[in-house]
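Alright, structures below, take your time with them.
There are two complexes below, and they share chain A, which is joined by chain B in the first and by chain C in the second.
Up next is the complex of A and B:
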């Protein structure tokens, strides 16, 4: 089904974001002139401050893949990867990324991305990430690889031993490789200074996300969360621009809040908040607008989501700490959402349902993502029993358009929203 | 005036409708096969439910008399069967017209045209009395409500008796004519058809032999004998009441559309509900202790958990693949050249179920041929196929949270005895024998029933983005 393309309504913060991103891509396309070094790395457990402290530029293959998905380029990239033998079941972020590289490595903005000078595998909680970088290492022979092994929070906590283990890897593996690639000496003071900015941005981000506890919520913490609230964080955290961006965004949203306005959607402000949801799992990117539209057309606002916590669960209190930069990078890596064990995730989501006064809980299960899919049915049942809210389950994929069935998803979501509506009516009657 | 509520469930294979009264009692049921034109299917199903509703109202009105005099009930039931035959005849005439039209446009050669028309006449002459007898003596209308199925089975039989050179042209004209005939919305004159049916019924009883001796095709029973002895008296007594119901206006106060095709129903948008909610609500209405519902329809399998109010708390549906649903059984029946109704009973005779590895519909067809070739018994293959369907459903149920007491099975496939056998077996094996399994004779109508109940409660879907559409029923 085709939706009519209308002009998308944008806030000031969105325009700033656009500029910042296009500058980054421009800078990336100019590295052959500027000589800046390029690090390919991941969003979960990213070491952005460390990369920036060496004056290197980060490239996030996952973000490129999702951008390609949104720009309708992923289908052909995936086909390229399948042509050289990647199976149908492999993570489509991987296939899209590999396909893009095979196709000349032209990034989402149309500018050619530079090859990596360093492959930094900063997070090992997703097994696919390791395989992904093994493939990149083969595609870019001779490029050094730095791997930071991230212990999983099996016991539901981060221990001092684990922190020591991570710091040791940073000191002995990651930093020496970065020094070698960048040709610069590691500057602890510079890193530490960036962390002041990081913590400030983190405070602002949490403030923004928590405005969704209000009724009506001034933001959509899933669609807008991944579209313009969250992404800036990864590439720019620790910079003055990030603080500037989040200050502007926070002002905007606090203003919406004080005016009692609902969230901004691509078709303008949502007038009536009918349902408040907590969503688990990544969104679909190939049909992002259509997917979002199903929700806002029904008056559904996502008040909290787990996918926006992949880059850090700051609302649980963690902040980068200038007093212990390496320790806090370690804690940060181990604290991201996908590195939490399943009971921790259930508790977090249950708290979201309670604190954000949600009417229902929804899972978007991703066909090609093992990392997220494992445990989702258990999570759903636990939330249903613990919180006594209606739960829903839909399936799609990250960037493979073949697995987005508009009518199936719409059918299930309609049923889900009707479930919520009916419950409200009956419960009001019963009370 | 009595108020009635209508629920229409537009499924992928069949369209069902149910009319209930203010006491939530089912008054009328209608079913037809879903066509490309959804509104026709919905209207036919609705009209059928209204006709059926008139007979129910009659029976309800005469409840006390019927108890005392079983011959009354027999008369009314027989009358409905004959009435259905009268409807069938009207549609058969429409089909005749279509066939004639097709012949005239399709065959340019006059000689060929005449020859085919002649064959068509003969075919009709041969099968019409057979079908008539089935309706009048064996209550065909209650067993099979699908015009296309009834007539195509007999047509195929007759074509197969003819020279093989005629197969192609006769099947071509058939294929080109059946859909247009089926898709015509016929406004039946209820009163006129009823008059005809009463006359037909009189003839039936007049010609009935007095004893069972030479006529084994008629099922003699006590009620029939009673009616035969008092036919004129019964007929005269009932006439007044019958005329009354023929004039009865069905005041549909509210309605709800549901099912796969609900978005395309020409209903006001606030009258459209999800089939998940309707199936659950219907099942819960009939069996109020229901906590888990399994619905297997034409292309969907749904596992639904409900609370004590009949409200859905979670559900799972098959995604991407519809193997294991009703259409899958239809495909298997075609592959085996037997009718859909024979599948279940044949599978019940399995002695040792063959393991069917694939539940992909198309692959299952290939597997079936392979297994037949290596000498496996049809019954055992079918047993395996039915078991495979339930294994698939069990996994969906697990995803939705498991089976909780009581467990209600709905949908068209719940009519299949082998499916019921394996479901019972697997539910007991996996969840213990304390689970009460409910299956209702009206299981195929559960979605429509839930819809009608929503209509009665007037619980609005209230979806803001949706535009109002033309209402279907404005009576």
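Up next is the complex of A and C:
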């Protein structure tokens, strides 16, 4: 389907972001000259500060996959992976990444990505991560793999035993492998200093996300959240640039807030906020703009989302702590959204509905992501009962365009918005 | 001694008693007894047995229960097992269970543990995380803590303390159980016609919901029967089945494979009952430590275990060679990420070692086996032609 697309508004922060990302990819494409070592790792439970403290460069296969989705490359990558035996049923991020690698590993900016010097398997919140890197370990024979097993918050809390287990793994498995690959000695002080920056960026990020509690919200905490508010966090957390970026972004958003402006979207600024939603589940990337536009056209703003919390639920109070760097890396990994148990997820989402004054709750269920999708229908029932708000359910996939049906999603959303509209009318009468 | 067909009938009924009547009766006949349900794949059942509990393996509903409510809890692109389990939980099938354990195998099982928590089913519901670090002082300690949490949960219910004597005794019984099951596989390796794959399946699965002492006696009897020269040899090929460790294939599928000309000489259907390779030491002052060691060093090929230092492809090829198999059938539940994400690598290892294989997917309630039968038949014929 073709949509008329207008020129996207670019704020200063967006330009800073663009520069930072293109520099990172440039650095990555130059590693054969600079000799910098490259670490492939995951977004949830990422050890960005630790990687950077060794002067290594992180590559996040999930981000490559989503970028491939946005650039319409994922369909062919997925097909490549299916040709070598990956089932149609499994996580499409994995297939997209492996397909990209089989196709010459050309990254989102068109430059070839260097192969990994270290595979850092931060096994946090998703079982598939382990399978993914077991596969990569075979595709990159000889590349060391550092496994960091993050225990699940089974009991809805993080225990001292679990922290000890993780710190031990960091000391005995992860750091020695990083020292070996980078040829540098671990510098705790350097790591610790980075964490001061991390905490500062985290404060700013929370401030930004919480502006959505206002009416109208100056941000979209799902689409914009994953598009330009959150991603910088993963690759640059702990750096001065990240603090600079989030300071700028926060200034812009505070200004929008004081002017009573709505969020910026690719279609322009949202002039009238009609509905406020909390969304659970990842977005679809292959038709991201079209998908976002459906909400824009309906005047719907996402005021809080769970997907922006896969890289850390900072609004619950966690901050990287320079006084206990390894312990705080451990707590960080265990605190990520997908590492939370279902009752915790329900409580968090219910709080979002309340605190962000949402009119409804929507799930975008992803065909190939069990970590999110299994149990979502129960989450939906629980939120409906607890919060007495209309709930909606749509289905798509992350990067497999075969599972994005524009008309199905649009129809379902239209009925959902009608429901929200009716509820507004009823509530207005009752008041 | 009982006659073989009576034993097999008994096991067949028990294997698919989705009301777990025998286990519930066992519990109700004495105070302090507890029933703890566990899901695939493996759980160290010894720690339940040692505190007067019965571990009951819940392997899904198969094709034996109509799913009505369960479908409202799961999208169509999630495997079938959890929807059957939820159906059982919402009906009365799982009443009288004291607790439930969800061993770490995938995010479906992990999130199912949260659904049981939300539904407050049982007195405890635990996701049981396995270490993916195999160092004794690191992963071993973590695993011990995980077990202790469950020991504590059970203590809160019946106030029975775990003692080294009791645990050693339980370990002894489960060692016997594993040895006897292995014995069946060893006999079947040479004489697969003496006990069909389906009967073998029923005998082992029945053990998931009866006292281990009784199961040991049953297997001993089965072994004495099949140690005799019974049954009739067919001109079948010999295959190993891989990928069916969690959601179980319907019995009709197992039967179809054999009828199509493939003797199943090894499989991972009831992998949890065969998990520990060899015995666990049962004569030490720290039996819990022995269970830890056995997990760290004696686990089988499994999609649930991080394997970069011990690749499962090679281990599968070894198994096929050890069992003298002609080929491998990769048979996995649809939408089963752990099994399906391992498959390309396992296939590659087979290619490298010249082992023939075929692949298919199923649901536990698949009712049509025509295609699978044809595929397995063609596989068998092609191997016979070339070997």
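Everything below uses one rule, namely that the second predicted complex is superposed on the first by the 430 of 431 C-alpha atoms of A that agree within 3 Å, B and C clash if a C-alpha of one lies under 4 Å from a C-alpha of the other, contacts with A are read in each partner's own complex, and residues count from 1 in each chain.
In this text, a contact is a pair of C-beta atoms (placed from the backbone, for glycine too) under 8 Å apart; a residue touches a chain by one contact, two chains touch by 3 or more.
Keep in mind that this is a model prediction, so the values were computed, not measured.
Student: Chain A residues in contact: does chain B have more, or chain C?
Tutor: C
Student: A:377 in the overlay: touching chain B, chain C, both, or neither? Say first, second, both or neither.
Tutor: After superposing on A, A:377 lies in contact with both chain B and chain C.
Student: For A:415 in the superposed arrangement: first (chain B), second (chain C), both or neither?
Tutor: In the superposition, A:415 touches chain B alone.
Student: So in the superposed three-chain picture, is A:395 touching just chain B, just chain C, both, or none of them (first/second/both/neither)?
Tutor: The answer is both, since A:395 touches chain B and chain C.
Student: So which positions on chain A get touched by both chain B and chain C?
Tutor: Residues 377, 395 of chain A touch both chain B and chain C.
Student: Of all residues in chain A, which touch chain B in the complex?
Tutor: On the chain A side, the touching residues are 272, 274, 297-299, 377, 380-381, 384, 390-393, 395, 403, 405, 408, 411-412, 414-415, 417-419, 421-423, 425-426, 430.
Student: Please output the residues of chain A touching chain C within their complex, sorted ascending.
Tutor: Residues 84-87, 89-91, 94, 121, 123, 126-128, 130-135, 137-138, 145, 147, 149, 151-152, 154, 161-162, 165, 168-169, 172-173, 341-343, 345-346, 365, 367-368, 370-371, 373-378, 382, 395 of chain A touch chain C in their complex.
Student: Under the touch definition given earlier, write down the residues of chain C that touch chain A in their complex.
Tutor: 72-75, 77-78, 82, 104-108, 110-115, 117-118, 126-127, 129, 131-133, 135, 137-139, 141-142, 145, 303, 306-308, 311, 332, 334-338, 340-345, 347-348, 361
Student: Within the complex, which stretch of chain B touches chain A?
Tutor: 273-277, 309, 311-317, 319-320, 399, 401, 459, 461-465
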